[in-house]
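Structures are listed in the sections that come next.
The same chain A turns up in both complexes below, where it pairs with chain B and then with chain C.
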Partner chain A sequence: MAADSSIRRAARDAGPSGWLALPALVFFLVFAVVPLAGVVFLSFTSWDGLREIRLDGLSSWATVLTDPVTGNALLVTAKIMFFSFMVQAPISLLLGVFTAGGQKYRAALAVLYFLPLLLSSAAVAIAFKALLDPNFGLGPGLQVPFLIQDWLGNSDLVLFVVVFVIAWQFVPFHTLIYQGGVRQIPTSLYEAAEIDGAGRVRQFLNITLPQLKYTIITSSTLMVVGSLAYFDLIFVLTGGGPGYSTRLLPLHMYLTGFKANDMGAASALGVILIVIGLGLALLLQRLGGKNRNASQLEGA
Partner chain B sequence: MNTRKLRTAALAISAAALSVSLAACGSSGPAGSSSASSGTATMWGLTGGNQPVLQKSVAAWNSAHTDQTIKLDFFANDAFKTKVRTAVGAGEGPTFIYGWGGGVLKSYVDAGQAEDLSAFIKENPEVKDRYLPSVLKNGEINGKTYALPNNNVQPVVLYYNKEVFDKVGAQAPKTWDDVMALVPKFKEAGIAPFSLGGQSKWPDLMWLEYLVERIGGPEVFANIAANKPNAWSDPAVGQALTKIQELVNAGGFINGFSSIAADSNADQALLYTGKAAMVLQGGWIYQGMKKDAADFVSSGKLGFTTFPTVAGGKGDPANIVGNPSNFWSISAKATDEQKKAALNYVKDGMFTDADTDALISSGAVPVVNGIEGKLAASPDKDFLTFVYGLAKGAPSFTLSWDQALSPAQGDAMLSNLEQIFLKKITPEQFVSTMNATIGK
Partner chain C sequence: MASTTQLPVPPEAPVRTAAAPRPDVRRGSRFRPNLLGGLGGWLWLGVIILPIYYVVVTSLKNQAGFFATNPMLPPAEPTLDNYKLVLENDFVRYFANSVIVTLGTVIPALFVSFMAAYAIVRGKGRFVNWTNNLFLLGLAIPLHATIIPIYWMITRAHLYDTLLALILPSIAFAIPVSVLILSNFMRDVPNELFESMRLDGCSDWAMLWRLALPMTKPAVITVGIYNALHVWNGFLFPLILTQSPDTRVLPLSLWTFQGEFSVNIPAVLASVVLATLPLLVLYVVARRQLISGLTAGFSK
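Let's turn to the complex of A and B:
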């Protein structure tokens, strides 16, 4: 009997053939693992992009690790990551729950909310750059005193402007994720809660939020790790300035590689970026708890 | 959402993060490799004032020489500088490499990427003879010619809006003291004294270049460019940086200058809309203003003058800084056919009468001899003869520092100078940081 059941289990666990993963694996090897190895190798060389690549030991690493701009770039990245999460997560969670409702006006509003999702980062950045221009922008144009500020030129303000523009662009995406998540929660849970006399807030806190646990983890992973990849938007909007105020790690890597033409140091920065990204992604997954296959719908 | 999906998602995200670092490494030119086999020479030009001139010149060449055609693409200035270097390094560069001379050209020569043109100009003396000698010199590295001028002289000059000067009853500044005295006058009238495209960083550099030149003369930067130890410690550099910070403190530059991009011509727009009284910029913005604000230029409201002198300074007031010209280098990696077509174009297709006329009518001064008559006949003769006179009469014409230095030094200089304008570092910190880059 024991042998019989183990055979049955093996047959059930086997699923589709492992060969189906091959194309994806090859793609991943060629476009991620091989270049990654190249970046690690380049970080131990010195190369200006034109001459021969010269093995240079740890000198690129020494340059990068002793350069105060690297520390500042890490700090800026951490700030943008933190504030982006703090701004985007609540807004998109609430908007997601709101737009998941069946009412017509909610569907109409949802369409409007999702519009920024259709625009490219460069277009968004150029539009905001024009709107926030200190001399020809929205503030001076409308003569609204509050809007007349040096939004992109003030070192203390610019970080929050960047966080706002990032949120403007990415909140719709996360709203979409939450909307999908909310729509998958069985209505029977809410019906039961209503019979028990639970109000709206109570339902949200005790049913919606726990049911969205994995949606929250997915969305947060995308937000946190994604903020390591913000580049195009900030590059066009501020170019990392003024000074080093918005020069976050990916931008610092790009400017080191392609403006200062120091590919060795840029590769070392790339390796740092990858290590941080992978570490954060793993950490966030851990937060999901050990027993991730446990049912969320018992009793539903 | 199960574990596997989550993990796949995480991997996808990490891959996305990576792609920023990796995708850029494999950048390939749109024109370089594919056409190499056909023998068509490729050329990357810059968008802006000279774009239509170059377009017409190449089109005329192509229709007359169907067997030696040139494929022309255009890029914006900053994007071009990044792209061309990567492309040339990857062996995908164009046949014609557009440049400014100086340290960047030297880095191409050191890497064996630029063709030695010395023999070519010896065989074709008429090519050499057409240029102003002082400009031609900028295409030489170690006594050999690697680049030939291809457009117009572009000294940095001080532009001003005559209308707002009349309004406050002021005269164009002749000395640095005049500059500092003008600042409160304009501020009182609600006009910014100077416009500045600070986000682009290189407009900041024009201030340092001229102040160092006026205070210490051309030798100061010559020593820096020659990589002499501690060359940045010359007192002229520190004094120039201090003067810049004094002007920033006095409110000399327009509000929000650090978020204004010169690449989108926002700095010149501030001048011709009367929001700013003056701007220190390259000769090329005349072409831009002629196009964007034709009335302002043609009605004579645009004033221009040389950079003010500094009391006690050693520099000759006639000295200028800027770009003597742009240049064509020929890629050493191009096929023989491509090189042949390229050299023939340089010999017979460039600076034809039509090219020269087109340059002049766009508001530019071509780098060729014997055009005084044409300049004097142009509707822009005031500006053109002014620039031509500057270029011909200048005892020294220093190339823009970011082009004269190696790319690593140039980038460090621009970043640190921005910090000076933002008052984040002191002149002493700038000097010691820059001394550490000497020889890099």
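Let's turn to the complex of A and C:
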């Protein structure tokens, strides 16, 4: 290898040789980079998951791109991404500021707020399935007629139920990020504002928000890119239904590959998922300007 | 920050807020109780606690009680029969599988990531830079979109339906974020320490374990917890790479319990409680480490 001599020279100069990075690199190449190339390759084949893989040109792509379910899955993904961001972002921001306050009761509440973080997505989905039952769930329990609905069976409601359950599971995590961000704001800024007579709202708008700029970018990026990974929660909660109303892209990929046994089409959907994820990450990074995470990503 | 120096002074600036800064005061708004914030805080507590309360209370009911009593009321005669039923249904085996997969992933992942982080921080040359950039790229790509080629590789390697099938790709997926966080922390270790050890004739291997590891121990623990939580709660790999009860892990077992017990909702919810219990114990005894582990990717 040509790189060998330069590695060895570097080792003599100061730092260690590159071989220390080799085990991690091998793992990553075999189980992440090769599959990444594999998903592109498989999208040009037809395979049922059992028999031989046959090269099949663009037929999987033709299937995927002409199937109205794909368009619907993209639309559902976009809707869930948008609504879950609109719900989660303000709540997490306000809760983060709230829990960063010094009062004892706020610290106690924060301990309870973070409980959903301990549950797996499967556990959350199963709990809410029981909870939303129109006969034995929360609605009849609290005797609130509005809450007694077939939440998961009504295709007009189910998307918002999914958004709510996503918020229930993930707001705590983003609250934690915001709490950390708020705690890093220098107290002197608030003291100065206090002396200047700035009220609470003004302090929030003029100190807290601008100081949280990078936290907001980080949290928002995670929310948006993360919504491409809401697979297990929705899989257990609704299975993509009723009909196709909550069948978002990752779920559509799974069902196409492992239930309809069309691995070629599922791979094409995987490629679309990767392109969207990468595009969103780059876009958000550009929108947000340079922050610590983004500048590290820029090397890539 | 420009935005804070330009804080406009409202004309009706009250004098009373010009309190002398107290060392224990963290937020200016501490002086007056924030009623709106408090109200919102308690409201959110309700949103978080009600589902958890429902799950726990229901898991203590027998099936007749579940159908007969108000869902939100505690059971007239609490019973642990549901827990017994879950435990009798091989829960312990699924628990052990989860422990094996989690430890089997986290320990090797930490080991190889730590070595790679050391090589990246201390090493020079194209190979090391290239490796680092590859890992950073891995952060931006939704890796779960590659499940189909991973499924293909695992079946071809005759690893399908083994715990190793879950461990190998999980290690690879854990590497990018682990290397990023560990290398960020390792950069803070003063160079002089490495140089003086080098002068004493220490090898890289010795410096790695006798200097770098002790100096970055909190980061190693944080990254370990972060990865452990992800693997412990992981659902997608077990769903596509395992099949039999022998290799079932906890999140998947919740899903299958749901199918097996079907209408026995109290038993299903008892399995949810039991599966969450280990993390709850961890949360009680080591809340700080757990919380920092949760936000590991974003705290530094």
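General observations
Note that in this section the second predicted complex is superposed on the first by the 253 of 300 C-alpha atoms of A that agree within 3 Å, B and C clash if a C-alpha of one lies under 4 Å from a C-alpha of the other, contacts with A are read in each partner's own complex, and residues count from 1 in each chain.
Here, contacts are C-beta pairs under 8 Å (C-beta built on N, C-alpha and C of every residue); 3 or more make two chains touch, one makes a residue touch a chain.
Treat the numbers as computed from the prediction; the structure is a model and nothing was measured.
Counting residues of chain A touched by each partner, chain B versus chain C, the larger count belongs to C. Once chain A of one complex is fitted onto chain A of the other, the partner contacts of A:L222 extend to both chain B and chain C.
Applying the stated contact rule after C-alpha superposition, one finds that A:G270 touches each of chain B and chain C. By the touch criterion stated above, A:V76 is placed in contact with neither chain B nor chain C. Legend: residue contacts after superposition of the two complexes on their common chain; A:V64 is shown touching neither chain B nor chain C. Touch criterion met: A:A21 reaches chain C, while chain B stays clear of it.
When the two complexes are overlaid on their common chain A, residue A:L112 makes contact with chain C while staying clear of chain B. Contacts of A:V39 after superposition: both chain B and chain C are touched.
Looking at the shared chain after the overlay, A:V87 reaches neither chain B nor chain C. Once chain A of one complex is fitted onto chain A of the other, the partner contacts of A:V162 are absent, as it touches neither chain B nor chain C. On chain A, the surface patch touched by chain B in one complex and by chain C in the other comprises residues 28, 31-32, 35-36, 38-39, 49, 129, 133, 136, 218, 222, 225, 228-229, 231, 250, 253-254, 257-258, 266-267, 270, 273-274, 277-278, 281-282, 293. Within the complex formed with chain A, the chain B residues making contact are 1-3, 6-7, 9-11, 13-22, 24-26, 82, 85-86, 88-89, 107-108, 110-111, 113, 198-199, 201, 254-261, 266, 269-270, 275, 407-408, 411-412, 415, 418-419, 422, 424.
Residues 3, 6-7, 9-11, 13-21, 23-25, 27-28, 30-39, 41-42, 47, 49, 53, 91, 94-95, 98, 100-103, 106, 109, 111-123, 126-131, 133, 136-138, 140-142, 168, 172-173, 176-177, 180, 187-200, 202-203, 206-207, 210-211, 218, 222, 225, 228-229, 231-232, 235-236, 250, 253-254, 257-258, 263, 266-267, 270-271, 273-274, 277-278, 281-282, 293, 296-297, 299-300 of chain A are the ones that touch chain C when the two sit in their complex.
Only residues 1, 3-4, 7, 9-10, 12-15, 17-19, 21, 24-30, 32, 34, 37, 40-42, 44-45, 47-52, 54-55, 58, 66-67, 70-73, 111-113, 115-116, 118-120, 122-128, 131-153, 168-169, 171-173, 175-176, 179-180, 198, 204, 207-208, 232-233, 235-236, 239-240, 250-252, 254-255, 258, 265, 268-269, 272, 275-276, 279-280, 283, 287, 291, 294-295, 298-299 of chain C touch chain A when the two sit together in their complex.
Contact residues of chain A toward chain B in the complex are 28, 31-32, 35-36, 38-39, 48-51, 69, 129, 132-136, 150-153, 155, 158, 214-215, 217-218, 221-222, 225-226, 228-229, 231, 238-239, 241-244, 250, 253-255, 257-262, 266-267, 270, 273-274, 277-278, 281-282, 284-285, 288, 292-293.
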